[in-house]
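Below is one structure; the comments refer to it alone.
Letters A, B, C and D name the chains as they come in the text, with residue numbers starting at 1 for each one.
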Amino acid sequence: MIGIGVIGYGYWGPNLVRNFCDIPGVQVHWVCDLRTERLAGIRLRYPAVGITEDVDEVLRDPRIDAVAIATPVSSHFEIAMRALRAGKNVFVEKPITATAEQAERLNEEADRRGLIVAVDHTFIHTGAVKKLRELIKNDLGDVYYYDSVRVNLGIFQRDVSVMWDLAVHDLAIMDFVLDARPRAVSAVGMSHVAGVPENIAYLNLHFDCKLMAHVHVNWLAPVKIRRTLIGGSNKMIVYDDLEPSEKIKVYDRGITVDPMAPRASERIRQMRIGYRAGDMFAPQLDVTEALGCELREFVSCVEHGTRPTADGIAGLRVVRILEAASKSMANGGQMVELPQEMVLA
Amino acid sequence: MIGIGVIGYGYWGPNLVRNFCDIPGVQVHWVCDLRTERLAGIRLRYPAVGITEDVDEVLRDPRIDAVAIATPVSSHFEIAMRALRAGKNVFVEKPITATAEQAERLNEEADRRGLIVAVDHTFIHTGAVKKLRELIKNDLGDVYYYDSVRVNLGIFQRDVSVMWDLAVHDLAIMDFVLDARPRAVSAVGMSHVAGVPENIAYLNLHFDCKLMAHVHVNWLAPVKIRRTLIGGSNKMIVYDDLEPSEKIKVYDRGITVDPMAPRASERIRQMRIGYRAGDMFAPQLDVTEALGCELREFVSCVEHGTRPTADGIAGLRVVRILEAASKSMANGGQMVELPQEMVLA
Amino acid sequence: MIGIGVIGYGYWGPNLVRNFCDIPGVQVHWVCDLRTERLAGIRLRYPAVGITEDVDEVLRDPRIDAVAIATPVSSHFEIAMRALRAGKNVFVEKPITATAEQAERLNEEADRRGLIVAVDHTFIHTGAVKKLRELIKNDLGDVYYYDSVRVNLGIFQRDVSVMWDLAVHDLAIMDFVLDARPRAVSAVGMSHVAGVPENIAYLNLHFDCKLMAHVHVNWLAPVKIRRTLIGGSNKMIVYDDLEPSEKIKVYDRGITVDPMAPRASERIRQMRIGYRAGDMFAPQLDVTEALGCELREFVSCVEHGTRPTADGIAGLRVVRILEAASKSMANGGQMVELPQEMVLA
Amino acid sequence: MIGIGVIGYGYWGPNLVRNFCDIPGVQVHWVCDLRTERLAGIRLRYPAVGITEDVDEVLRDPRIDAVAIATPVSSHFEIAMRALRAGKNVFVEKPITATAEQAERLNEEADRRGLIVAVDHTFIHTGAVKKLRELIKNDLGDVYYYDSVRVNLGIFQRDVSVMWDLAVHDLAIMDFVLDARPRAVSAVGMSHVAGVPENIAYLNLHFDCKLMAHVHVNWLAPVKIRRTLIGGSNKMIVYDDLEPSEKIKVYDRGITVDPMAPRASERIRQMRIGYRAGDMFAPQLDVTEALGCELREFVSCVEHGTRPTADGIAGLRVVRILEAASKSMANGGQMVELPQEMVLA
């Protein structure tokens, strides 16, 4: 029996509790939140679950093997660190921490103690993104670009910009589906409400190979869009997460370049490019709830001491990009290099 | 009777000839192209039109009041300058020239001679873009962002990048519908075919006000997208040029910020933001063919010596941005300032 | 305090329990189902709710003011009748009963006892359908046609055809939004699985006025469609229930007929028809959960002895049409007249 | 050299002239129309083509091998018969004639004289419909239903109902892609403009096998829809002719019926139905202009004396259905049997 404590019961916490409760062999012992009004609902729905406002009450309980942290980003590091020091495994919402340095310290602490740090990069556990990874590995050929638009109206966060709130999803997905790691980042953004972080942002990821990645995030858009275009030398993909089915469409389209004419004149070279248009297909996707898959994996890692797909290192890589992007955004879009170890990782 | 010569009979030339022929009081006297095989079709369709490979044959003809130039960009300046020096008014394809300096010289020459230089910014003569301008002026409030995606598969141009081929449309539209002029430009892009200009590019336009503009152009996309999001303090717009009707949708959506609490704590300030969601409406649009409107305006300008909506100055502003964007793209996305006079214009 | 018993805890029962529990002043005392495995979940989620396999245990309980019946259609009549005889008000799933005669008897029994029979025509409590009713009353002019397509893959019902399962929604909506009542029905359908009722059907409703109604329902469609076209002399509507927002679009489109030329020749008369195309608008819709609105209305009716919007008479009208349509379907699509009182109602 | 005369130069005639002119070895000698103002444009565009108001001038010309008739439906028979009697092959717009009896007489006359009668069922020459036929033959399994919606605003015809104007396309497509022939027809429709034929209609085709076909046509719809659903035992198709690409989507979806339990109880039988959801694919389609393909086939038939795909018999089959449907519509939707020979054909 694996004992779980859930810390933070706002928007996402109830999903964590519900999904943990559905895993055989798992017992949620505690839910902790500072806002007592939120906890009232738990007592009715989950009479066996203890409720508290005190994190330490959770961390002191010897039945607790792991805590799931769904509090504001600014508190992730402190709570996670306390949990690790209390000998608990940690599952933490995205982004893992507010700074790369914090994420590094969490990873070190966890390694030292032989504990697990998992970050909730939920999307990488969806059927769609798992299929993306498979298609990119097997069918796309060289990946030319990754372009994501993730916009909607609201919800403005008070402690993080739209980049940390929305682009984090795209960075987590890219971290999972792409082989290459970015070398540098540039970003521009703007806030349209005084005293609130940027509500619109554009990120460019620069790689050492012939790949470009670009993310557009916006809390002030008239319509909701969740669409990613991925171009490869062999195939191209449209991933639209709002499609009820057919979220992923694979196009057998592209260009062909006639290699026979290296010294040809400009006009002749132009003739070398042909356009290829073949079938499109939309693979059937696994529709299991992503969070359920993810939490089952986490529980299994806790039981067997294995590493989760989105471990603290993945969380760190994503936060490094966000941190660099924030720096770039503050400097009018200047390119910011990422740590070299990251490129090599 | 206004006499016209059309120079260049490739993709666009036939549209120019057809539309000029439909204007009462206009006579197309010459079509000029170097590729004689292209001219064969003209003889059959327009037996009264002369055909030639020699631009000077057109420019020497005293019946010619104006020439329309639809040749590759690199030749625009030279042909247009010869036409002006021969005393002919000029209508030239977009972008007006390959460099800002060339555009300046054309404008000077035209002014000196009292001739007209019009640039074919076709989109600004569509019902959709005219409605955009009207909505932005009257309904949107402060304009927060302008975000355009203009992507498809092909056609790779041999002498210009995707930016000069596709983003030029967005720059022309912004020049027409926005009050503000950009202060600086940054752009990144990439070529995926050796020896061919960039086929994917992202442009940011920076303004002195709280406005951001961003353009994504791509010749290597699996699907065709022509979608612009425009956010304002009062209303927001989706302009999708591929919609058969309802190209423009105006959303009565946005946020409301409670101004009562300037010194409130962070948490309270967060509470200040409300989300407003009202009706959407799609105005009926004028469906007259844009090129026809544009050429009728040009002919009228030639007759009465008035300035066209897209004059050589508008063409110059657009080319300045493209030139700055190319410079930025060559320097890894570094911000490039635009001439100050442009901001003030 | 209003006491509720829920009978039937399959697909829809849990929604009834959850929504009743959210209404202040309402207490769900019992949930009854024959399948004990279904009841296990209730004990955990709603520890205060009694569970039983015996309907009479519910009906005997003096705390119970009303029962909500969510069992298979074939059992609606018997359970509802027993409930009425036990002095309980009744809320019953659609269709109200398996035959019109049963619905008549329920209505009589309820009237005799001063009890309420409400039928769960959920859709008429959605923001979209309430707006439809308003638009039809105020804006459409003469209603020319009502055309609904409601198709998807599955779920095949074992005791009723696709008509009784899906078209019932459209009939309930029409009963609510249209002034006119149908005079006759014709329907064709087919079963593609031996021993199972029709899985595809087309219904025509015939009216005394210039209105046609048509419904296409299908359990064997490759894609899910929920789209209704409504044409009026002044405006036309597209109601697409799968649109995330903008479920209702109102088109200022139609034809104009020049009345000046009654004796004109055929060719001239043809000239009389003009096509009018104006703005489209999509009104903001109330997004409150329909079932919640409906149950609050039902509870209020129980408290105050008022009639619900979808009372037993509305339920009867819909079942009469279904019954006539089944008869028509069994006779190769022959037109079947509806009872005259219905037209007059 | 094949000599062609085109009779009727309204909406479709110019397309015929343009496409015939593009076929090598074909010469359009005459265009004939009663409205002289229409003919003016021809003189300019096609100076080599003779123009006349007199059909006999065309039919007398010994250079003429075939005539293409694009006049109102009511005149098809008389002109086509005169052409056949003058020894000319005939290509006639859809529907082939205004009555089945006329079509029979044309076919007899053509057979007697060894001449060709082709009917312009343009859609069957599109890449989409050719692919449909291939998919239905090879992949769909048993065809369960064919459901088409073909609606838009206008254009009201003066001499035929919306059924003869729009449903004729669906009937021609079904005639080409389905193996089965309908046994009977029923239809309902309505006119909303006094003195004008029905502007909305619903047709049911009844077959001897487990196939249903249904067509909804409407000249008074707020939006344009061209969508056909085709269900088979193995695959299902959505054919949306308004999709710019991906007009045909093939869904690997359906139900599976467990055949092991023939005597099982009702509840068990219900369990037998499983839902299968696999990949979707959209085959690349031939984008050659359909009319060009069709006219090249017609010219080849004239040259070699072979039968066209849509010969006079296909035209007759379609008109028989339209005629029966009109009869049904006039009798409140009563089923009308089709001639038995048709079922056997």
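One rule holds for everything that comes next: a contact is a pair of C-beta atoms (placed from the backbone, for glycine too) under 8 Å apart; a residue touches a chain by one contact, two chains touch by 3 or more.
Fair warning: this is a prediction, and the values are worked out from it, not measured in the lab.
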**OP:** Weigh A-C against A-D on C-beta contact pairs and write down the one with more.
**Re:** A-D
Original post:
In terms of CA centroid distance, which chain is the most far removed from chain B?
Top reply: C
**OP:** Mind checking the centre-to-centre distance between chain C and chain D? Centres are C-alpha means, answer in whole Å.
**Re:** 38
**OP:** Determine the centre-to-centre distance between chain A and chain C, using the mean Cα coordinates as centres, and give it in whole Å.
**Re:** 42
Subject >> Whole-Å separation of chain centres (CA-atom averages), chain A against chain D >> reply: 52
Subject >> Set of chain C residues in contact with two or more other chains >> reply: 277
**OP:** Mind listing the chain A positions that touch chain C in their complex?
**Re:** 44-47, 224, 242, 244
Subject >> Parts of chain B lying in touch with chain C, wherever the complex brings them together >> reply: 245-246, 252, 277-284
Subject >> For the chain A and chain B complex, residues of the former touching the latter >> reply: 144-145, 147, 149, 151, 153-156, 158-159, 186, 188-190, 192-193, 195-196, 200, 202, 204, 206, 210, 212, 214, 216, 218, 220-223, 229, 231, 233, 236-238, 249, 251, 253-255, 257, 266-267, 269-270, 273, 275, 277, 332-335
